Structures are given as structure tokens and as C-alpha cells.
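We call the chains A, B, C and D, going by the order they appear; numbering starts again at 1 in every chain.
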Amino acid sequence: MSRLLLLGPAREAAGVRRAEFPGDTVADVIERAVERFGPTFAEIVALSHLWVNGDDAARDHVVGPSDEIAVVPPVSGG
Amino acid sequence: MSRLLLLGPAREAAGVRRAEFPGDTVADVIERAVERFGPTFAEIVALSHLWVNGDDAARDHVVGPSDEIAVVPPVSGG
Amino acid sequence: MDLNQASEWVVVTADSLRPDQVAGWVTRPDCGAVVTFCGTARANSTLEHEIIELEYDTDITLAETRIRAVTAVVRQNWPVVRAIAVHHRIGTVPVTDTAVVVAVSSPHRREAFEAAQFCIDAVKRTVPMWKREVWRGGSAWSAEAQDIVNVDDLIS
Amino acid sequence: MDLNQASEWVVVTADSLRPDQVAGWVTRPDCGAVVTFCGTARANSTLEHEIIELEYDTDITLAETRIRAVTAVVRQNWPVVRAIAVHHRIGTVPVTDTAVVVAVSSPHRREAFEAAQFCIDAVKRTVPMWKREVWRGGSAWSAEAQDIVNVDDLIS
């Protein structure tokens, strides 16, 4: 179980800013989120950085209930 | 006869900001001013730019009653 | 508070920004220079619309943490800088209102200009902040999206 | 007044400056960037005194004319710049008060930073403005005097 923080376009596609999903790794948790939130969300995730507790993390990074995974899409420049 | 505008340290040394002196050239007018305002003023004039109506002018520049000669000492940087 | 103390003031808020207050806060008796950058909401879009407002979205905690990472690097690179403030507004920002303020004080102006410019450039590239353009009858995420990088990647 | 019109606002005055008003004035709907520089009176001197205030002396007409020559060059060199304001205070300026404000707006921030920095550098070098340092019990013209140059001499 890990907490998910959805930002910008990822939040919009999911319809929520925060959610919780089971899973032992970043990839597990994201997979459950994609199942729930659908293909538009999946496309955004594919373009996004995934942060665990504020830092870039690999998809096989192990997560627990105290960790927060943020889905960080590209930002508009300027 | 020309009007003289004395700025910063030149004003302080002369004790006045504006004065009028006779003379057909910048050099003439400045010479009269130096006679009146003394050696400290003379030292400052020697370091200063002389502007006629806002532009750098040579000492032999001819001036008339409608001209204004400004004594422009070096400014503090920063 | 010792006014000569080196210090940072970082805020991400839904309230209107106060650039005058921010600039006043960084002013110090031993500093001759305050440079303030205001990023204001523009009416112009890459799209064919007249923008009436922008909407900024982020997570406040995450954004403030990333901004503090930027101010730390500013201080390392310009040790003479005395005070740094970065305030970012989120939510709705009408055109001509200020979306972000950066203010920097230093004894002389060159370092204040350099540090302020580095700071806003780094904030734009490293802080998660999504901008939505709103026009009459519609809205869209701003184009020209780019990956967020870490501030350490900006130092050559 | 058409707010998108290119324009300058040049003032030399004995009144307190209002950097917030100046920055607000340069803000335009088609600009995303406002850079404001405030030169503030410092307590530090090249001499061994704690400065309590500065006194600035000039001829207002002459100084405003020379500042306008600077803003004209800024506009030539950075044509995208929309509005430029330069306000200089004369007479007594207490420590931490603002002696000079430069504010520049442009669509994007790089040009606003460049133009504002060039503008204040050029004002310092080309505008007749004498600074007296005042401490408890005395005063003196500020050291490090340098010749005033023409703004055309600053363009390489």
C-alpha cells in the first residue's frame, strides 16, 4: 500500500489529487493506478517522472505505507 | 555673459549653485568664476568636464547669454 | 530577527503576492542592491486565444521543498547575497497579476542581478508547477512542456 | 493611455520613491516579465564611519535629460522591451531607503534582466549625480570618483 500524489495533467486525468494503492514497488502501485484511471492517465504517466518522497526513483524502487509516490508530468516552460 | 551651473563638489566649493559671469568663451567665463570662488574651486574645475547646454564643450567654445555652462566634477561610482 | 542575517523566505500560496513586501523584506542596511523579478500572467498564448487568466497547480509542500533547494544553490554560488525571497502563487492568476516573485539583496548590484536571474531560471526548470491557460469558453495546459530537472543538474 | 504602448517614465525628485508603483506602471498584459532594481542607501562606507544617510545632489533638468538618453539606448538595443521607468531621489536618503529605481517590462524575462542591468549601469556612469556620505558628526563626498561619460560611449 502506498500513497500516490497526482500533479497537474496527471491529477486532471485521474480526477483526484491523492489516492492509495497496494503494491511493493513503484511499478506495482502505478500499474494499479493505471488500471483504475484509464488510458489518458497511462499516457501521462509514460511521460512523467516518478518521485518517491520528493526524489527521482526507479520503477523497481521498493515502497511501503509511509512512502509517497508523486507522478510528475513535464512542466510548461517560460 | 553666461550662466554657470555648479554641481556637487563644485557647488559646495563655490557656495552657490548658479552664477553669471562675463566672457566670450567657456575659458573666459570659467576664469572669472575661479577668480571669484578661489583655489579649492579651481582644483575641482581642473578635474571637471565642462558642458554647454548639456553637452561636452571645449574650453574655446564660444558662449552667449542664452548658454548655460555646467561644471561637472567626477561622480562617485557604485 | 537580525536583519543582517543571511536568510530565505519561501512561500507557495493561493493568496495574491505582494512584490513590494517581498522586496522590502530582503532590503538590508549593508546592501546597496535589491533586484526583484515579477513573473506576470500574460494575455498571449501559443494558442489562438486571448487569455484571461492562468491557473497554477502543484503540491505546496513539494514545491516549497524544491524552491528551497534552489535558494540553497544560489547562496552557495553567490555567497555575498544576503537575503533571497521566492513567492509563487497557485490557483487562479488574472492577466497582469504576479504569479511569481524573486527578490535578492546584495552589497553590490552585479551579484544581485546574477543571483536573481539564476534563481528564477532554476525555479522554472526544477519546481513542479503546472500552468493552465484559461480563455473565454475553454482552457488547456500550457504547451511547450519540458522535463523537470534537479537543481544540481543546472550547475556546470 | 494605451497600456501596450512603448513608454518611458523618468523622474528625478526629492520625494520618497515608490518602487511598487514604478513596477506596477511598467506591467503590461503582453509582458510576462518585470525586473525591478532598487539601489538602496548602504550603511557601509569606504571611510571608517557608520553612515546614517546619503545626500544626492544634481540639477534635475540635466539629470532627467541624461536619463532619457539612457532609456532611448535601452530601447534601441532591446526593441522587445515594452516600458522602462527610472526614478532617482535627490536630497537626503536614509539608510535602507531607495535612492534609485529602474523597472523594465518585456514579454520574456531574459531581455528584461539584460535591459534593466544595462540601464542602471548606464545611469550610474552617464548621469550627473553626486553622493555625500553623512555620519554622526560629519559628512564627505563619496570616494572613488569617476568621469561621467556619454551613453554612446558605453555601446561597443
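Heads up, the rule we're going with is that a residue touches a chain if its C-beta (ideal position, glycine included) is under 8 Å from a C-beta of that chain, and two chains touch if they have at least 3 such contacts.
Note that the structure is predicted; figures quoted are calculated from it, not measured.
Any chain bridging chain B and chain D, meaning touching each of them, is missing here; the list is empty.
The minimal number of chain-to-chain contact steps leading from chain B to chain C is 2. With chains reduced to the mean position of their C-alpha atoms, the one farthest from chain D is A. In whole angstrom, the spacing between the mean C-alpha positions of chain A and chain D is 49.
One inter-chain figure worth recording: chain A and chain B are separated by 74 Å, centre to centre, where each centre is the mean of the chain's CA atoms. With centres set at the average Cα position, the gap from chain C to chain D is 23 Å. Each of residues 32 in chain C touches at least two other chains.
The multi-chain contact residues of chain A, meaning those touching 2 or more other chains, are 78.
Counting only pairs that meet the touch rule, the chains in contact are A-C, B-D, C-D.
Of all the residues in chain D, the ones that touch chain C in their complex are 19-20, 23, 27-44, 95-96, 107, 109, 112-113, 116-117, 120.
Of all residues in chain D, those touching chain B in their complex are 57-59, 62, 65-66, 124, 127-131, 141-148, 150. If you check the complex, the residues on chain A that touch chain C are 5, 7-9, 11-12, 17, 49, 51, 54, 56, 70, 72-78.
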